[in-house]
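Please find the structures below.
You will see chain A twice below: alongside chain B first, and alongside chain C after that.
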Partner chain A sequence: MARVHPVLGAFAVLVFALLLAPLVIIIGASVSDTTFLTFPPQGLTLHWFERLFEIAAFRRTMITSFLLAVGGTGLSLLIGIPAAYALARWRGGLPAFLPNVFVLPVLIPEIVLGFSLMKSVATGLGLPIIAALLVGHAVLVLPYCVRVVGASLNQFDFSIEEAAVSLGCPRWRAFFSVVLPNVRAGVIAAFILAFITSINDVSVSIFLTGPGVSTLPIQILAHMEQFFDPVIASVSVLLMLVTVGVMAIVEFTLGLTFLTK
Partner chain B sequence: MSVSLTLAGVSAHYGSTLVLENLDLHVAEGELVALLGASGCGKTTTLRLVAGFLQPSAGTIRLGERDLTRLPAHSRNIGLVFQTYALFPHLTVRDNVAFGLKQRGVAAAERARRAEAMIATVGLEGLADRHPANLSGGQRQRVALARALVIDPPLLMFDEPLSNLDAKLRIDMRVEIRRAQRDRGTTALYVTHDQEEAFSISDRVAIMSRGRIEQLGPPEELYSRPANAFVANFVGFSNLVPMRAVTEAGDAVRLEMQGGATLDLPRARFAVPAREVIFAARAEGLTVAREGRGIPATLGLRTYLGRAYQYRCTTAAGEIVANGPLSEPLEPGTRAVLVPEPDHCAILRAE
Partner chain C sequence: MSGRAIAWTLALPATLLVVLALGLPVLATFLTTLTSEGGAVANYSGFFTSAFRRTVLWRTFEVAAITTLLSVLIGFATAWVVAKAPGQLKSLLIIAAVFPLLTGAVVRSFAWMVILGKNGILNGLLLKVGAIAEPLSMLYTEGAVIVAMVYLFVPLMVLTLVGVLEAIPQDLTEAAASLGATPAAAFRQVVLPLAVPGLIVGAVLVFTGAFTSYVTPQLLGGERQMMMGTFLYQQAMITFDWPRASTIAAIMTVVTLVTVWAMSRLARRLNPVAG
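And now, the complex of A and B:
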């Protein structure tokens, strides 16, 4: 192993400490046997996790957030996969700016995206809150779907599709029986990235939630304004665990390098 | 089952660019015709038009009695072998080969049996359960061939099938492809940029450039009697010298080149197509000699080819490449004459 310069090593430790310390603090605070957020924890209890599930608003928003993440990501894949396919298949013939159009939602500050979605989808089209949230989240995660599925499709040799067609397989069927199975890993990766993005989103949701319908991160903010108790920490830990869990599944099935590729 | 392929007046465009111009091509029953040319000459476009991946802007494509022109690609029943093999990565060798049968509604058991038989035919026994990723390049190309053959198509098409293989394997595979095509008597269209490959595998070769067929004929004819300067240059007539046919005296054709030197060629072997002609000669078609009747030249750079020396020579008509005997290496600067060897010369109409 190459020797690491001590200053560089110290710097690396510092960076990791800065990245991980807040998480350690939150985990500590979530098990503190106090009625207020504190670190280091005083006492040890899982009471706040229990309390979390006793609050109806948390239970409700967890379900909303989960369904929203599944639905929004699903909707986005429904648009994103055909878009990525078209961009990869007719790469040469399409205007060069077109792929960038699908990345725009990432480039626009999320808060602006949220506001404009509120103006256009919620008040403009007058969609019900849940529908507006669904559309908003689909737009929010669309760039991930197009990019990640697109990365897979760019590796795909389209003469494979032509081979299927030449053997008597109609184009639409060739897409499902030959193209899709070979970019499956990309679709799964896109789903996971999009799912995590959606479930953790605040900026877009805050503009689109309304009376009776909220998402978990928005509920966390609302709760914190009223009660500064360790429930906030425990729900944060829970969100973190979900993310880590999903990442672990990715690591074991596809390898994490898949997402950074 | 053997049918002929006929392209009549076929044109194709990419956007506003004309890539194929009014192409006529007839491939007879059981015949293998190679389309030969540099990239961008229209050979692959022709194949893709026949396959149905492109639509012609004019003309008709017929396979036997069937008009393919407006038929969707998946209904054309053509066996296609691709340069990149284009095997289905997620399927085993068996399922790759059986894919076309599955599309035709052949029952699973029958499908497996015919796939296995075809896998054996191409010499891949025991590999049926492998995935393409675990095969060598040569094995992959055999799977691709088996996959195209198993549907028993009336037409086989090959799109540079050997370009990704190493030299030795390329020669073996080319023999196998030819044998498979011959044994079945299947009509075939074969696209390549490799002249040796085209000449060795085909009944006839079409040399293409700029979206047109420059010459179509048996390899021997293209090799010895090129129709024009492009084909001549393509098949290795590296010297193309403009000349004027002056007289046809006795049994000789007399050509006069710039600077007044003349060449006499046997009239029995050469027709004179026009007054202004191009004298075409391979390097071995001009022998460097100290004296004799031929093109006066000053010898330049000499290279050793094993069977002869080759010289870059300066003549009144520019640089000419000619071979000289191993028995007598000549130094640069030597005054010599280049004596024509009729077997490796041609007289073409000037364009």
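And now, the complex of A and C:
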């Protein structure tokens, strides 16, 4: 192992402690038997988790957020994978600027996207709230779908697909049984990055949610404005559990070191 | 069907989504700033002649710049240690950085509200040890926003830079050492130049993310420390002044695009590998 200066090592330990401490504080505050947020917890209770599920708005928005993340990501993959495939397979046949088009949702500030969608699509076209949210989240996560799947496709040797086709396999079947299984890792990675982006999104959703339809992060902000109580800590812990679940999926399918690449 | 036709058919739905759900709406926002009452001159000169709006813009620049600088310094030092750590420990440290990264901005900013609040954990701690007699007002200050933003972006910086540092071949530093370079010289003349393009990429992500953020300024800065993101929301959804909100949106977009463009040019120029 290469040498690390002890001062630098100690500094890194401090950084990691500070990275995790706020999250530990939230976990502690969520089980505290007090009506206010405190750490270390005084007493031990799951009351605040119970309370969380008693609030209808939280129950509703949890379901909405989950369905929206699955739906928006699904829609985005459904149109993003063919686009990535077209770009990898027939680069010469498509205009050179096309790959840049799919980076635009990352370049344009999220909050500008949210505001513009609200103005033009939600209010302008009168799209129902849930449809506007679905479109907003789909376009927001499209770069992950196109670029991450695209990175996998660029590693793929298309002569294998050609071999299948020349042996009589129909093109569409060659795609599903030869190409797709080989870029599985890219699809999983894209799904995970898109899902987590969607479920945590505020900047786009805050402009598009409206009476009756909201997402979990927006509901948390709304609750916070009125009550600064341990319910917020308990819902935060729930979101951390989602993160843990997602990380477990990454670890089992791709290995977490994938995230430093 | 020709290959070209197939390619277009496959790429069309995704292209249409970007054009219809992003391109045209954002273009419409820009058009609003040019065609609304008084035209472009009134909208933009109105923005820059108002002392309050200039303050908001300047504060946003300042917070984003300080956040970027701190994130780069902390992130680089930490990534250095992570990259040099032995296998098992390294995986553990990467998990410890990924976990906050994947946890949303709402949860992470909320944590700092609990820590920095008037009856918060830090005040409680300081009162207990007798360092202060009265609780300090730390929330709704520029410092609170910066602390929470650095917290938000350090994991991103660490993970980006671990990748960058690992891509630098070990042979290079060994070669430098065998040619008589001190560790400090090898770092300055070999490692740093190779890490600079990655550092710039990371810095751009942090700067644009901080410049356009909404949640952290909203929760830790509030009305008192209005930034461009919270200002845009306020104008759009509370005062319903869409031309003014569009002007803020246009300025944010231009700043972001110019930063990305200028910095990626700089990164290419400074890349010792590409020459």
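The working rule: the second predicted complex is superposed on the first by the 249 of 261 C-alpha atoms of A that agree within 3 Å, B and C clash if a C-alpha of one lies under 4 Å from a C-alpha of the other, contacts with A are read in each partner's own complex, and residues count from 1 in each chain.
Please note the rule applied: contacts are C-beta pairs under 8 Å (C-beta built on N, C-alpha and C of every residue); 3 or more make two chains touch, one makes a residue touch a chain.
Fair warning: this is a prediction, and the values are worked out from it, not measured in the lab.
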item	value
Simultaneous placement of chain C and chain B on chain A, clash or fit	fit
Touching partner for A:D157 - first (chain B), second (chain C), both, neither	first
Angle at the Cα centre of chain A, taken between the Cα centres of chain B and chain C once the superposition is applied, in steps of 10 degrees	90
Partner touching more residues of chain A, whether chain B or chain C	C
Which superposed partner A:L98 touches (first chain B, second chain C, both, neither)	second
Partner chain in contact with A:A83 - chain B first, chain C second, else both or neither	second
Chain B versus chain C as contact partner of A:P170, first or second or both or neither	first
Which of chain B and chain C A:N182 touches, first, second, both or neither	first
Touched partner set for A:I108, first chain B, second chain C, both or neither	second
Contacts of A:I249 with chain B and chain C, given as first, second, both or neither	neither
CA minimum distance (chain B, chain C), superposed complexes, angstrom	8
Contacts on chain A seen with chain B and repeated with chain C across the two complexes	none
Of chain A, residues touching chain C in the complex	1-4, 8-9, 11-12, 15-16, 18-20, 22-23, 25-26, 29, 36-39, 79-80, 82-83, 85-87, 89-90, 93-94, 98, 101-102, 104-105, 107-113, 115-121, 124, 135-136, 138-139, 142, 146, 196, 199-200, 202-203, 206-207, 217, 220-221, 224, 228, 232-233, 236, 239-240, 243-244, 246-247, 256-257, 259-261
Contact footprint of chain A on chain C as seen in their complex	3-4, 6-8, 10-11, 13-15, 17-19, 21-26, 28-29, 32, 74, 77-78, 80-82, 84-86, 91, 93-100, 102-108, 110-115, 117, 119, 121, 124, 151, 154-155, 158-160, 162-163, 166, 170, 208, 211-215, 218-219, 229, 232-233, 236-237, 242, 245-246, 249, 252-253, 256-257, 260
Complex interface listing, chain B residues touching chain A	51-53, 72-80, 82-84, 86-90, 99-100, 103-104, 144, 147, 151
Contact set on chain A toward chain B in their complex	157, 159-160, 162-171, 174, 178, 181-182
